[in-house]
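Here is the structure we will look at.
Think of it as A, B, C and D in the order they're written, each chain with its own count starting at 1.
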Amino acid sequence: MKQLRVGMIGYKFMGKAHSNAYRSVPMFFPDALKPEMVAICGRNEAAVQEAATQLGWNESVTDWKALIARDDIDLIDINAPSDAHKEIAIAAAKAGKHIFCEKPLALTLSDAREMLQAAEEAGIVHMVGFNYRFSPAVKLAKKLIESGRLGKIYHFRGWFLQDWILDPQFPLVWRLQKDIAGSGSHGDLGAHIIDMAHYLVGDIAEVIGMSETFIKERPLASEMTGLSATGSADGPKGQVTVDDATLFLARFENGALGSFEATRFAAGHRCTNSFEINGSLGSIKFDFERMNELQVYFTNDDEDVQGFRRVLATDPAHDYMDAWWPPGHTIGFEHTFTHEVLELANAVAEGRQPEPNFRDGVKCQAVLEAVDKSIEERRWVPLSEM
Amino acid sequence: MKQLRVGMIGYKFMGKAHSNAYRSVPMFFPDALKPEMVAICGRNEAAVQEAATQLGWNESVTDWKALIARDDIDLIDINAPSDAHKEIAIAAAKAGKHIFCEKPLALTLSDAREMLQAAEEAGIVHMVGFNYRFSPAVKLAKKLIESGRLGKIYHFRGWFLQDWILDPQFPLVWRLQKDIAGSGSHGDLGAHIIDMAHYLVGDIAEVIGMSETFIKERPLASEMTGLSATGSADGPKGQVTVDDATLFLARFENGALGSFEATRFAAGHRCTNSFEINGSLGSIKFDFERMNELQVYFTNDDEDVQGFRRVLATDPAHDYMDAWWPPGHTIGFEHTFTHEVLELANAVAEGRQPEPNFRDGVKCQAVLEAVDKSIEERRWVPLSEM
Amino acid sequence: MKQLRVGMIGYKFMGKAHSNAYRSVPMFFPDALKPEMVAICGRNEAAVQEAATQLGWNESVTDWKALIARDDIDLIDINAPSDAHKEIAIAAAKAGKHIFCEKPLALTLSDAREMLQAAEEAGIVHMVGFNYRFSPAVKLAKKLIESGRLGKIYHFRGWFLQDWILDPQFPLVWRLQKDIAGSGSHGDLGAHIIDMAHYLVGDIAEVIGMSETFIKERPLASEMTGLSATGSADGPKGQVTVDDATLFLARFENGALGSFEATRFAAGHRCTNSFEINGSLGSIKFDFERMNELQVYFTNDDEDVQGFRRVLATDPAHDYMDAWWPPGHTIGFEHTFTHEVLELANAVAEGRQPEPNFRDGVKCQAVLEAVDKSIEERRWVPLSEM
Amino acid sequence: MKQLRVGMIGYKFMGKAHSNAYRSVPMFFPDALKPEMVAICGRNEAAVQEAATQLGWNESVTDWKALIARDDIDLIDINAPSDAHKEIAIAAAKAGKHIFCEKPLALTLSDAREMLQAAEEAGIVHMVGFNYRFSPAVKLAKKLIESGRLGKIYHFRGWFLQDWILDPQFPLVWRLQKDIAGSGSHGDLGAHIIDMAHYLVGDIAEVIGMSETFIKERPLASEMTGLSATGSADGPKGQVTVDDATLFLARFENGALGSFEATRFAAGHRCTNSFEINGSLGSIKFDFERMNELQVYFTNDDEDVQGFRRVLATDPAHDYMDAWWPPGHTIGFEHTFTHEVLELANAVAEGRQPEPNFRDGVKCQAVLEAVDKSIEERRWVPLSEM
């Protein structure tokens, strides 16, 4: 196998991020299995054709089932709206294609489990798009914890704070509709910090949550681009059917205490995807708005010079950075996808599952639903119930 | 009335902070009613005498009941260990003395209510020691919220993170014993952020919490000074009977969502008493380790220059700062007490209740106990139950 | 003209950055004139062939003169070592090719002037590679100054601090040899802050400088990659013939005062390319290690909320950012080159000179040499002397 | 000797800071020689009497010569305007009084030298008020350098940036008049960073500077309080006779390179008294607006966790902090004076000279004047010329 031949379904925000990653791996990681950008698929023929040209795909198609059936495709990349994930993924698995599916894996836990089962039965390679794991600063966090340099973990605090729908006149885009998006800030943003907690701290034993929809009606929307959209304040309104903010407390299986918050109503926070972890030997802090940095504290530093260090994770000692630029020359959001695709390519080449894969997607979904249940029933929900 | 004649019971960490405040008011706020440091009271005669000399009190005594009975005392300052607050306060109220009581007001809500009732029946002036309200940066926060410059409040996040007992060999000081301290990080640290939330956001409707004692046994302690103490790792051990960490979620009566965390196990955090508030028109952030600063964000700033401002609250436009040094010349922890005593002196002079007073102490205690109840019964507890 | 057909000479650190930029413009700025990566040129046939494959060039060649002579090339990109710039640029201009030349434009002011003259006589489009101008945060700085929002400028402070040769055993790479590099930290790093000062504040009237070579001998080097290299501590040593650090004071023609420092001996600074500008109405601060941010202060903010704002320049209101990701999703070092190539492509398409062009390269070189002269002659040197 | 009986001349900004220090030493450093606040002296009888009451002096007087002659005074504290320092100090020395003189020691180097000579001939204890040395964070800086933990020093960068006269209508207060103040930002602010450089890096070999008075005329002033004053924009104007900003480059005797800047025209900087030092083994950064913090970098930290540490210098491991509050509880501007007076009291008790003393004042004045000379003569001036 010389190439990883990709067919991608979806071509908006995530489609662009994935395309750039496929394109960048050969240039910056020339030893990796090379992604070949075979075909891109969408419902609107003109729009997907334009996307193909702009994003560098050889071909554009509109029938995803036909795409899955093709012999010249090794991997199906799913970044269509969340409600389409399940059907496509199961079909792709049955067709023996490897799968790279954006998060959330599915709208419900039972859907996610079906997808995992299909993937495992088909014996394919499967990956889920928790891209934030692939910041070099986060990789450093993982290394510090795994090697024991932070000791026993006591606390995890995670936030994903945004403010793009703070304006009550911001229209009712698909991300605010439960039937398409499945969830609001909880599934969109919370999912990332839940995965981060799983990755860095471990499994969660029980949760209890709280959520709110601050603005209950919004103008109907026209088109959405990235996180922008237009609507008319005077026009008709529709019901917001997802949460604007969800918070929850968690107890990890290893005894650590967790606090999670996802909101789109935090003025001034464009994309504060942030966490802090406290252990018996040290602490770390991360904020995606300064994604090249990890704040690190060690209790065994000399008494007079103890303090959080601002580690700029751009040195050769940091994962991936040898492939980019000299120390101090930072990378950005899109690079997390390049590293993610690198992990995927390596996994395919090595015949192993990448991390994070559908198991991680299912585990994240279980926590999301346990939190929803805890909110509905106003009680602690153990994950064992799910 | 030309002077406020003070008798103070207690002479350790808080006694020193209060003494400094009594001493500083006349120098920096010469127009205020002047505190007269009449007598300091403690059980150990030699120690309290030494404290009197060092801290600038005219006299030292060992019998607090006699102190309360004296005619030449207007105000009783209570900063003895928490378990002594109630008896002293009620006696002082009955003797018609004004009272300045350190937090927590009492070990239980019902005790706190008795104290409030006694104070109100006696018609005295009463204050409780939530000193962090008196940072000029916090006063600015209050002003921004009250004047509507942050709009409707959606989120409150509060943390009080310390690390002074992270070492399992740190001894079993009184602050780790429930019968004396009443509570661990919850009552000691959490109380401050609860009061801050009350002050800035409003009343809390319901809560659910989680707590943990990470280190369950510790060496027996000898003496405690400030937050330091000595003990022997080889010696006998005792049970830690308070929480090392307590977290809770809260819903405010005005619809805002709250997240609270108090812990003594956050490595690298000496005194991170911190909060963030998000409203419809802006946000603010505060961290006591940089107590002269308030981070402020406004949604109506010009589109291309929106961002959190680091406001150094040392200008004449900021409360109290005219009395100290020129702009940019910072103040420290102890100044919060000076401003607190100023408020107390002004309240006495003006014949009104200061803020925060026993009502605030009771309200804080109610939340503390509601959280404890929610932990015990593993359910949301409405404050109306308390 | 549908495409901008590029022939590139050089394929190391800068060759990679430029290649990525040519590749990225069509994807992220699809309306721009499209760069076509025709041929890459280098002396080592095998190495340049490998680079062509990895970096995405259609062809690799070893004879730069033949490359310049080709009809299917519109633009010559020069990022070979600095001592080769002049000969190539003049030849390319004579052949009627547009030129994109990395900084420093030349080793001497008189060489730079010859290059500018050749370019102007040939009527070609010419650009010089001061890429840092193209951070969106720097573009915001420019906009704030040009629109008068900072008022009259009083102060410019610029630093470019690195630490990659702090170790005395770091070998004697080409960047430490005057005959190849022309200059040390002064020409390599200082050039960037001089250009930034020209861009943001204006022309410099006079300068006086100071420089030092802290480590005067180093092990002979083998190969250099990025800013890394290997050498043997026990092997033979050679003379360092460039400056390790150069500082200078400057007076601008508009009366502002400037302070400049470039050093490779600032421990802990991987790439602190930073400046601060103070005007009568406000101030700005920039640090390339946090390149998505600009700190902005306005004197006319309300009295109680004055402070530096951390503007994350990732909103649609910020140059280029609409083309990338949603607000809060940051970009990195390489993006400055993409924006630079965009300006170049737009200039070619519009038949105008891009900024910065060879005039800026000459102006920068004049300041570099004036500083050198001021160091040699230990006196203030007016730019009019150059 | 049981007490240090003080007579203080001057009662404005510095008089208040000194008074607070005398008052605080016995409370927080009870083992030190105790200052006794005997008498305060000023020309305006009513004002000085009011100051005595407010600041806690036993007595107020108006004749400084009579004060110096008294037997019940051990120490003369001089914080009158700068033009009065010399006459008072020499008289006090001749009367055998110890002297604590605010900076600048004198208006000229020759005056400063006369004062030093008088003090040495009289065999008295003499101190000069470079209070910033006494931040615990600065003490930590000193310790790190002296113990070799930063290695050989390559760079010193110092700034003292303020903005209190940025408004052209700010009146012509005494600090803007050369005959009273001696100098503008150079002597007022620059003096502090020069002393800091002397303290931390060592003696300066040669300098070259540049200065500017941006606003050359201002409204005549009435009264000055702290750094505030009032004047009428429509009223008469007077000439500003001091520098608004002075910058200079320096070469230290040990080979380090220095850059210094003092200005009152840096919008947004209320009191940025800041420095950075780079050595072969590490770096430190300090900013007085966050005076409890020192940023520390070590080259020998593990490769993957190198970064500047934010050390909060409030631990018992940091000078003086044991005497104040628990770790994380910060101190402010005024505490530097308390520590300064502690050093003075200890020096008197131990029969030694404190640091900094008149020798340091003279050394600072020599650099100030060398810079002035270098500006006037537009050339490098070696300190040996002074």
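One rule holds in what follows: a residue touches a chain if its C-beta (ideal position, glycine included) is under 8 Å from a C-beta of that chain, and two chains touch if they have at least 3 such contacts.
Fair warning: this is a prediction, and the values are worked out from it, not measured in the lab.
S.K.: Compute the centre of every chain as the mean of its C-alpha atoms, then state which one is farthest from the centre of chain B.
M.R.: It is C.
S.K.: Between chain pairs C-D and A-D, which one is joined by a greater number of C-beta pairs in contact?
M.R.: Of the two interfaces, C-D and A-D, more C-beta pairs touch across C-D.
S.K.: Taking each chain's centre as the mean position of its Cα atoms, how many Å separate chain A from chain D?
M.R.: 54
S.K.: Mind checking the centre-to-centre distance between chain B and chain D? Centres are C-alpha means, answer in whole Å.
M.R.: Roughly 35 Å separates the two chain centres.
S.K.: What whole-Å value do you get for the distance between chain C and chain D if each is reduced to the mean of its CA atoms?
M.R.: Taking the average C-alpha coordinate of chain C and of chain D, the gap between them is 41 Å.
S.K.: What are the residue numbers in chain C that touch two or more other chains?
M.R.: 269, 306-308, 312, 315
S.K.: Inside the complex, what are the residues of chain D that reach chain B?
M.R.: 13, 16-17, 19-20, 23, 26-27, 30, 53-56, 162, 164, 226-228, 269-272, 288-292, 312, 314-316, 324-335
S.K.: Which residues of chain D touch chain A once you look at their complex with the stated criterion?
M.R.: Interface residues on the chain D side: 140, 143-144, 296, 298, 301, 303-312, 315, 317-318.
S.K.: Chain C touches which residues of chain D in the complex?
M.R.: Spelled out, the residues of chain D in touch with chain C are 154-155, 157, 159, 161, 163, 166, 208-210, 212, 214, 245, 247-249, 251, 255, 257, 259, 261, 263, 265-269, 278-283, 297, 299, 306-308, 378-380.
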